[in-house]
Each structure stands twice: as C-alpha cells, then as structure tokens.
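Below: one structure in structure tokens.
Labels run A, B, C, D, E and F following the written order; every chain starts at residue 1.
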Amino acid sequence: MYNLGIVKRNITRAHKAAVDKLSRYGVATIHEAMGRAGLMKPYMRPIYPGAKICGTAVTVLLQPGDNWMMHVAAEQLQPGDVAVAACTADNTDGFFGDLLATSFKARGARGLIIDGGCRDVSELEAMGFPVFSRAVSAKGTIKATLGSVNVPVVCAGASVNPGDVVIADADGVVVVPAAMAQQVADAAEARENLEGEKRAKLASGVLGLDMYNMRGPLEKAGLKYID
Amino acid sequence: MYNLGIVKRNITRAHKAAVDKLSRYGVATIHEAMGRAGLMKPYMRPIYPGAKICGTAVTVLLQPGDNWMMHVAAEQLQPGDVAVAACTADNTDGFFGDLLATSFKARGARGLIIDGGCRDVSELEAMGFPVFSRAVSAKGTIKATLGSVNVPVVCAGASVNPGDVVIADADGVVVVPAAMAQQVADAAEARENLEGEKRAKLASGVLGLDMYNMRGPLEKAGLKYID
Amino acid sequence: MYNLGIVKRNITRAHKAAVDKLSRYGVATIHEAMGRAGLMKPYMRPIYPGAKICGTAVTVLLQPGDNWMMHVAAEQLQPGDVAVAACTADNTDGFFGDLLATSFKARGARGLIIDGGCRDVSELEAMGFPVFSRAVSAKGTIKATLGSVNVPVVCAGASVNPGDVVIADADGVVVVPAAMAQQVADAAEARENLEGEKRAKLASGVLGLDMYNMRGPLEKAGLKYID
Amino acid sequence: MYNLGIVKRNITRAHKAAVDKLSRYGVATIHEAMGRAGLMKPYMRPIYPGAKICGTAVTVLLQPGDNWMMHVAAEQLQPGDVAVAACTADNTDGFFGDLLATSFKARGARGLIIDGGCRDVSELEAMGFPVFSRAVSAKGTIKATLGSVNVPVVCAGASVNPGDVVIADADGVVVVPAAMAQQVADAAEARENLEGEKRAKLASGVLGLDMYNMRGPLEKAGLKYID
Amino acid sequence: MYNLGIVKRNITRAHKAAVDKLSRYGVATIHEAMGRAGLMKPYMRPIYPGAKICGTAVTVLLQPGDNWMMHVAAEQLQPGDVAVAACTADNTDGFFGDLLATSFKARGARGLIIDGGCRDVSELEAMGFPVFSRAVSAKGTIKATLGSVNVPVVCAGASVNPGDVVIADADGVVVVPAAMAQQVADAAEARENLEGEKRAKLASGVLGLDMYNMRGPLEKAGLKYID
Amino acid sequence: MYNLGIVKRNITRAHKAAVDKLSRYGVATIHEAMGRAGLMKPYMRPIYPGAKICGTAVTVLLQPGDNWMMHVAAEQLQPGDVAVAACTADNTDGFFGDLLATSFKARGARGLIIDGGCRDVSELEAMGFPVFSRAVSAKGTIKATLGSVNVPVVCAGASVNPGDVVIADADGVVVVPAAMAQQVADAAEARENLEGEKRAKLASGVLGLDMYNMRGPLEKAGLKYID
C-alpha cells in the first residue's frame, strides 16, 4: 500500500552547477552551511580510506537480506548519480559487491551509500568505486521481495528524496535537498572563506576566547577561575 | 564435565591441496561456494589493512580475561595452521600480543582469529602476523583457568572444528569444514570463472535486469514503474 | 555545586623527564607496568592510522552537543600537554575540528583524547594533530553551557586528574597518575628489557609452556591431553 | 536555514474517526495493514509495562541535552495529541519527567514518543502517562538551543509529519500518515477479521503448511525431507 | 550445499525422564552442573516476566526477514518440544506472533527460543506461550527463501542440536546435549542439595571467606589488608 | 602496583542522618540537587521492577569472570552498606547470585550495584535483595585473581569512593560523595518543595513557557511561529 513495489523513473535532480560546487566542500562545512541538518548517523563509514562521493541521489528501499532492488536501481542511474540504499530493518548483509559496482560504474554512478553491508571491499578499492556503509560483510543476499526505487527513504537516520545531493567523506555523509543545493553551496563557500581568516588568527596564537568574544558570556554564565 | 580442560593432540586437518586452492579465493566467493554458510559475524575485523589468512584451524576455548590456553595451543600448532580462539563470554581483553605471535610464528602458524581483543597491533603489523579480532585492547590477561584446545567451538557465531579451513580477508572470516574443503574450493573456482563473464557483460553496459532475466519475475511480483 | 563551572589554572604536571621516558614505551607495556590500571575503554580509537600521543593532561568536562569548554581549555594548554575531554553524557557530536586543532597546536598541545566525536579528520591528519575519539562525526556543537577545565574527570571509563600522563597509540589510551609517572616509566623499561629475552627464546622455538614453567600448574589444574 | 527555530501552529491532524478506529488495533496489525511501513526501530520501548498510546503527532526536534522545545511543544498540544520527539544526535539524557508530563496531561496529550531518555519513570507510571523511549535516564537537560515544533522529523528511523497518527504498544511504535489513516484503519479491521478464522484453524491443529498451501512452493524451492 | 533446504524428520530427543528432572532446576544451576557450557548470550530475554521453558529442541535455521521455515518446523514439533530458531544474519524482525504460537501450541510445543524478533507480545503473554528472543518487533517477515529444520545450529552463540534439552528462565537460556541430559540433571540435583546447606550457613552469618577456606589462598595471592 | 590486591578496612561512611534523608528522594531529584553530577550510565538497570536502594558504598574492584573479591567484600559490609562493584573490563558474567545475596543480607547490606552481570534473579526478587546491574547472566565466575575492596573505583562511568552514598531507583543510579551528603540531601528537599508548587501550576494549565518566562528568551534566540 505504501511505498513498496514502486520505481519512479522521472526524478528532479539538483542542478549540476550546484552539485559541482558542493563537491568542492567537505561534509562538515556543508552540514554547517545547511544549518546542521541532513547528517547521517556516524556509523556510516567509508569502506576504504580516502573514499569521497558527491552526486545526486537515486534512492533504493531494500528488504533485509535481499538486494533485488539494487538491480532495478541500476537502470535508473545516470552519470553523476549516487545510489542511496535504505533497508526496512537493520541488516548487515553484503547487499553490494564488485559485480553490481561494475554495473553501477558502467552507468556513470559515482558511488553508493548503504545502510547495510557491503562486500568485495578490496575489489571495490581497486576499481575506485567508493562506498559508505554500516558494515562490511561477505554474506550474500537473495532476490525475492520487492522494495522500491526513487521513493523517499530514511537512510541512517536522514531523510533522502530522489534527486537530493549526497556528499560523503572521512567525516560522514550529508544530504542536501535538491531545491536548496545552490543556496547551501553558496553558504559553504562563504563559510570556508571565513574559516581561512580564523585559522590564520588561531595559528598565530590568538585564542578562540578572544576571537569569538567569549570571556564576557562565560563570566556571565558563572565560570570561575581558581588557582 | 563438558569440553573444558581438554587438549586434543591428533586432529584431522583438511588436505593441503584443498587449503592451497581455497587460499586463491576471497571470503565472499568461498562463502557463496559453500551455500552461504560458515561466516563469522561482521564485527570480526583485521587489526591492520591488507591482512589475509588461509589455513587449518587449531581451536582454542578461552575464559574471559585469561589467555593460559593460548600457550597450550602454541604447542599444537603446525606449519599452515591458524589459531581460532573463542571465549566463554564476550570479552575484549588483549589475549594476544607480540610475544605469543613470535611463538606462534616460530611454530609455522599463519595467523589468529580471535573472538576477543588483541594488542601490540603495530608490532604485529611489522612482523606480518595477521590477526582478525573483535577488538583491540592493551589490557593484559591472566593465566589461571583451564579452557581447552582442539575441541569444537563457536567463534563469532560460527561453528569451528579443529582441522577446518579458515579463510579471512577484508570481507570477513569464513570456516570451511575439513571434509568439504576440496568440494568448496572447486565450487569457488567455478564461481570465479562465471563471474569473469558476468563482469565483462556488466562493464559493457548490459544490465543485471537483462543478464539475469529479472524483468519477468519483477513484473509478476507486482513492480510498478511510474513517471 | 559540584565540579561544574570551574577552571583550575595551576595544576601539577608530571615531571618532564618521566613523561619523556614514558613516551618511549607503548600503551600495552605501560598498562602492564602500572599493574593493569588506567586503561580507557577499547572504543577509543585513533582518527588516523599511526597516531600517537604522550603528554600531560589538561582535563575538560563537556556537556553533550556543546564544545564551549574546549575554547576555555585552549588557554590552559602548555607545550607538552594533551587535552583529555570527558562528557556528561554519551555523545558522538563533532566537538573538535581543524580550527580548534590549529589553536591547540599553536599552544603547544600534542593531541586530544575525547570521549565524544571529532570532525575534519582529513585536515587533522594533514596537520599531524593526533586525536583519539569515540566517534567521527561532522555534527557541530554549540557554545551555551558551562562544563569545567582541570577538574578530575572520568574519560572512557578511566579516572583522569589534571597533570596525569596520557599515552595513546594503536593499542588504546592509558593514564598514569602524575605521582607515579617516574616509577611506571622505570617499570616499563624493566619490562621491555625482559621482553627482549623472552622474544628471542620464543622466536627460537622454545614454548611459553616451558619458558614460563606452565606444565606443572596446568596438570595440577586438571588439564588432560587426549589423542 | 533548514527546519530549526520554527514552530508551526496550524497542522492538519488525521480525522478523529480514523484515529479512534486505529486505536482498536495493535501495532503489528497496523504495520501489516500499511504494507509494512512506518515502524520505528525496536529499541523504542515502553517505560512501564502495559503502556499504550494512540493519537495525532505533534512533532518536536530536540538538540542533545536540551529540552527547551518540549516546553514550546506543550502549547501546541491539543486533546488527543501525542508528542513525538526526535533529536539531532543520539542522546539518552532525561528530556522529560513528571513536571512536563503534568503539563502535557493538562493539555490533553495522550503520551510521548521520544528518541531520547525519559526520567521520573515511577511517577509517570503512577500518573498513567505513557512514554515510549530509547532509554531511561535521570540526567537533566538544559534550555539553551532552538530546535523546532511541528516540522517533519525522523524519529527512531521513521519519518513523522505533524498530524500523523502514532500508535504504540508492547510490540513497538508505528506511524500512519494522516492522509492514509482511514484506509489503514479499514485494512487493519479486515486483517483482524481474517486472523480470527486463521487462528481457529491453527488452534484445531491445521498446519500453516496446509492452510497457506505452502507445500508446493517449498518443494519447488528445493526443500528436502530426510529421515 | 551445506545445511540449507533440509528438514530432518527423525531426531533423537533427550529422554523424557531427564527432561522432566531438568525442568525442576534453574538455568544457573544447570549451567554450573554442565561445567559452565551451553549458555546463550545474555541478550536473549523473556518477552514477558515469569516466562520459563524446558523441553527438547526442534531447531530452525531462518533467513533474515523470512519466517517460512517456522511453518515447516511446526509440523515437526511434538508435545514437549521447544522450537529453537537461529538466523543466518543478525536480524530483529518479528518472525513469530500469535498465529504461529497458536499453531505451535496446538502441536504441544512448550515455547520458542529465537535469535531474532518476536511480536504480539501481549497476546503471547495472555496465551501463556513463552518466548525468549533477541528483540521485540512488530515488523513482519516474508516466506520466500529456504532455511532448514532440525539441522545443527548456532543460536545466540550456543551450539544446538535437534533433540537437545533447552531450559530458559529469568537468568537466560542454556542448552544440554541430549546424551548428557540425565547426567546433568543428576549433577544439578546434587548441586542444589549442596546449596541448601551453604545458604543456611551464610544466612547465619558465616562468611564465604571461612566457609570456602579462602583466607589462605587470598593471603598467598598477596591480598593486603590496610586500615 | 596500583590499587590491586588491597582491602581497606576503615572507611569513612557518610553520616547516617544524611543517608536517611537522601533515601527519601528519587535519583533524578538527587542528581539535580548535586548539580547534575555522579550519575551512572543508563545501562544500569534494576533486575526486578520496583527495586530501590540507598546506602553507603563498600566498593569492589573485580576482574572479568572472577568474583573472588565479592567474598572479601562481604566481610567489610556493615548494616546500611551497599556493595558497588566495578570490573577491570566490560564483562556480563554472573558475578553474584542468591548465595552471596544471603551472605550480604546477613551482614546488613541493602543491595548491590554491579557493572557486570547478576544471576538467580527470581530468587533475589523473592528475597527482596535489590540489584542494579549491566546485565543478567547465568554464567558463573571463578575465584582466582585479586582485585580490591574499598579503593576508589569507576563504576558504569561514575567515580565512587568507599563511604559515598549510592541511591538507585527506576531512573538509574547516582553517587553522592560522603562529604556532600547532608548538603545534597538539603538541596534535594528544597528542590522537591519547589517542584510541588510547579506541579500544581502546570496541572492547572499554566504553561512552562509562562511559568519559567521563556517567551522572551525564545524570541531573542530567533524562534519563529508560522501558520
């Protein structure tokens, strides 16, 4: 009745210019630029060091132990997309490996975010196909039950709509709604510019206490210095 | 009364040819080749990147916080063996470090699988002695209570009998019963051969949907495409 | 009433010679040398491979989702110090990133131990500022509630007093009370010397069973060898 | 920029008749009736045995360690509502206790679903104010940072929009979108009717294998009976 | 290839007299009587207070999110049996509810031990059908993939063979191999008799230190009393 | 070298009047009265519903899987004391059961707080001997390694010194330093008195927003009401 057994073919992807701009910033900066929203839970980790992803989401809703929908999703992937797979129950099975990665890569996909397990980790690293997952597991899955493709999903605690921008790096995974992509990219740029100045000051020995004018508020809050 | 305080000296190890053949395949392939059985829980991780093991199991049953049986096990290790240590309770203490590794290596052991903690991680990496463990912990253990060596154990959710083949790589740890080793190795080979063809097709842009003839079953299951 | 809203300025740091000597030994050795005390829980992991820290603790007590006290702590850091941050509740937010690291580094701090989250992991690795944390998370924090600096804290299960020596490496994090630093450093040295001999014997094929004279005690405990 | 610092006053609640009808069915039945969607993670548990809730959601987005928005939410509660509180980070602090419960109850609220901690458990049981939470914790919270009220939230893995129906019992917590409430209630009724017949058959000794005609499919799938 | 897709019809159950005798003792006593083996992990908890089970195991191997084999198992259940269900991956889905319980009860089963989720908890309590599980979850499962019935399984860390005796109470779940049932029951009886005397002594104020003659060994181990 | 193998016989217990007064207040109130310090982690739960404890701490430092020190501690218990047991590693073994409870009760102890496992739960409930623990487990322990009695310990994240007051109820476990006991008891009383007035106001329909004058600060923080 609800969101299962559906593949939506036409989705509105975030504008390429905004995605390109977002790809220049880190997850922490974008998360701040968006007002601290859209972050996935910190258990989502890269399967190999240095993995990074930025692209538009094709969402997948999986059933535990079943990766049938990954094959359905492959057909919906376009160059620049990132598959974002949620599961109807916590499950660490290896829903994804080098064969699917070969197919996804052939479609132009930039990577996978999966709230589940992934396998063939060495092969994926060798191929340069980045994955952020909840777990690594060699356990295979079946192809028996329908989920959906390109419906709204909750992945690792974050709402993801098809077409949203997903950015992943060593700090985690963040989701930017398609309609906010340009605005967030601009805010990230502004934030990054500001950070350069702050970094220089702090490096020179200026304290955050002074740079951010915190001494007054701390005193007012009742902070006591003792010897 | 039951499985404690016993060291079995004569165990039947899997045939060397089968072990050698299994060492050519990854954990995910072998797990599939065995009908998706024998996999340890995904919390078992290599203590350093690139660690790999394939060998015959000498099993160890430990008590929490006590590594006495590791020393007993050392004597039972033969070249090509892998120590597989289970514990009577979940425990992350550092049961194993560089001294034991030196001893195990001198006996010809190829590595350790331990459902517990390990320490001296840097030294073990420098020595090239691979360990897959539940945790890394500097906490030492005592030598006070009997466990057993070469009894059947449950290690990280998998049954292991002495002499079984244990294979570990970036995807996890899998156990192949000694009597099935050759059959599984052959099945792994067959599977790997098939995968090469599939990989080439998928790389050329053929979809899994078509390659695996999934469109009919998906339609029959009720999958709806919408725009 | 109790430990909140306080900054202690004058703390007694462990003697530099003892700290320097401790820096030559690993966490596992020091933990043993101290009688197996002072170890933090094994969930504390380095944010990048190869991270190591040894220095004197400036303690920080944080509130969940709030890093105000990190800025207060910066002013109390002296060359050779390590910030050790506890939190009043389990929390994985990213309390610390590259700006604070720049400031801490400018103060001469050697790293951070935090029972919470850390972000800007790639930047911190590039800067060479080591952090051991409970989690990595891009999620930012606010600056609204008082905690304390240089009060006794419980960090990841270990008691830490300001001025204590904190040592962290791939095996975990250990705390040495300032007053015991020299004694522990000497004991670590003695232990390390002994280990060299043992290592050589084990490498030559001598068994721990014989080297440690375990056969008698094992037999007395009831160990049975069967074939 | 995004969903923080907002209180939406006018929300569209599910129709009372549908809510009343849903209140007659259990969470498992409703979850099935909805096509197996909308279930919160199983870590959400009642704080006392026998707790049950059914009502329309007033959503709350909290910051870790901060319950300011609970007070803001109180004003938005109407008779028949259930407060559904999400948090921007995993946090077990006691955001809610008997004072807030007194206030919520005075507003006519039927209970609280909170992906965080709750305290004053005995008092809440004595008052008959049901709460389903991630944890029980005596730890208090501050009132310093804005979240939101009546924005869409992800609570314990489920998307909740203000006005949705939330049902909680010993089996967990399920969310029914307001627009689907009547349809789901009818489907739950139909399902319950069917279950009565099935139950009677099974109680009389008929096997599910026969009642559901599974023998053919099982044989086709390759099931082998051995002696 | 290995243990999947099999139903073993003829199993050797532990003798009724031994099962009956074991039913008189608690899990802790039996676990001790067996030499501290056979205990499931402590995450296995009763779904309602006061639940207790003692019977012979009919084992079930489930796939994640799939309870097909529970229906197959129903036919194999005989009066006095307990279904013991393991899963090929950690999964909390609700594999079992009141309909299956009705069927199992009609077959004479005494309860269920499941390393997975259970639902309809209130109904099961009302029926008096005891279940020990890893989780409670309303989430339903499918019937699509073969597992097995009456093969050896690892359930919550313990090896279980069909016909073994399984005992569950407030302290957890323990498995007694069928061939050891009488011996363990006798040892439990002996142990219980001894405990009565000890209890009386301790209640009268005698210390364990004296009753167990621990003062000497403690002194020898180096225990120091200080004032 | 450090805190192991020691039994301190003379400890300074909090004054009886202060303990008695503290026993009248709940854990949440006392935690607030102490400035939100001293709370154990929320994983510490009563082994039976309704369990409550208030008394002076006799601390125990255990080794994993070893309850020898519990017997040593028994001799140090005086009427009104509560045993507070920490462990050198996370461990869920059943360190405590009905025999030790009989002995502790005969000594006048009021209960046990243990960062480990407990068994004989039904018997302990029948005896009315309250325990708050990390886990319930039937698994027994050995008596082989020294820990300590009446040394400072970290138990479930809280520092406990011998003689401190420990209070436990449905909301968790809190520790009050002996020297602060009277002051905290008075503050708890004052807090409780205040809460009565607040409760009455809130019950009458007054909002916390008005009672706590939050509207101004919320507006200043930027809260926006929308329709």
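We take it that contacts are C-beta pairs under 8 Å (C-beta built on N, C-alpha and C of every residue); 3 or more make two chains touch, one makes a residue touch a chain.
This one's a predicted model, so the numbers in the text were calculated from it and none came from an experiment.
Counting steps between touching chains, the shortest path from subunit B to subunit D takes 2. Once the centre of each chain is set as its mean CA position, subunit A and subunit D turn out to be 27 Å apart. Centroids built from CA atoms put subunit C at 31 Å from subunit B. Between the Cα centres of subunit C and subunit E there is a gap of 41 Å. Residues of subunit F found to touch two or more other chains are 36, 49, 88, 90, 92, 137, 139, 145. Taken pair by pair, the chains that touch are A-B, A-C, A-D, A-E, B-C, B-E, B-F, C-D, C-F, D-E, D-F, E-F.
Of all residues in subunit F, those touching subunit E in their complex are 5-10, 49, 68, 70-72, 74-75, 92, 94, 97-100, 102-103, 105-107, 117, 119-123, 135-140, 143, 145-146. Subunit A contributes residues 1-4, 33-38, 41, 88, 90, 152, 154, 157-159, 177, 180, 183-184, 187 to its touches with subunit D in the complex.
Looking at the complex, you find that subunit F touches subunit D at residues 26-28, 31-32, 36, 39, 42, 45, 49, 169-172, 174, 195, 198-199, 202-205, 207-209, 212, 214, 218, 221-227. Here subunit C touches subunit D in the complex through residues 63-66, 88-93, 137, 139, 142, 144-145, going by the rule given at the top.
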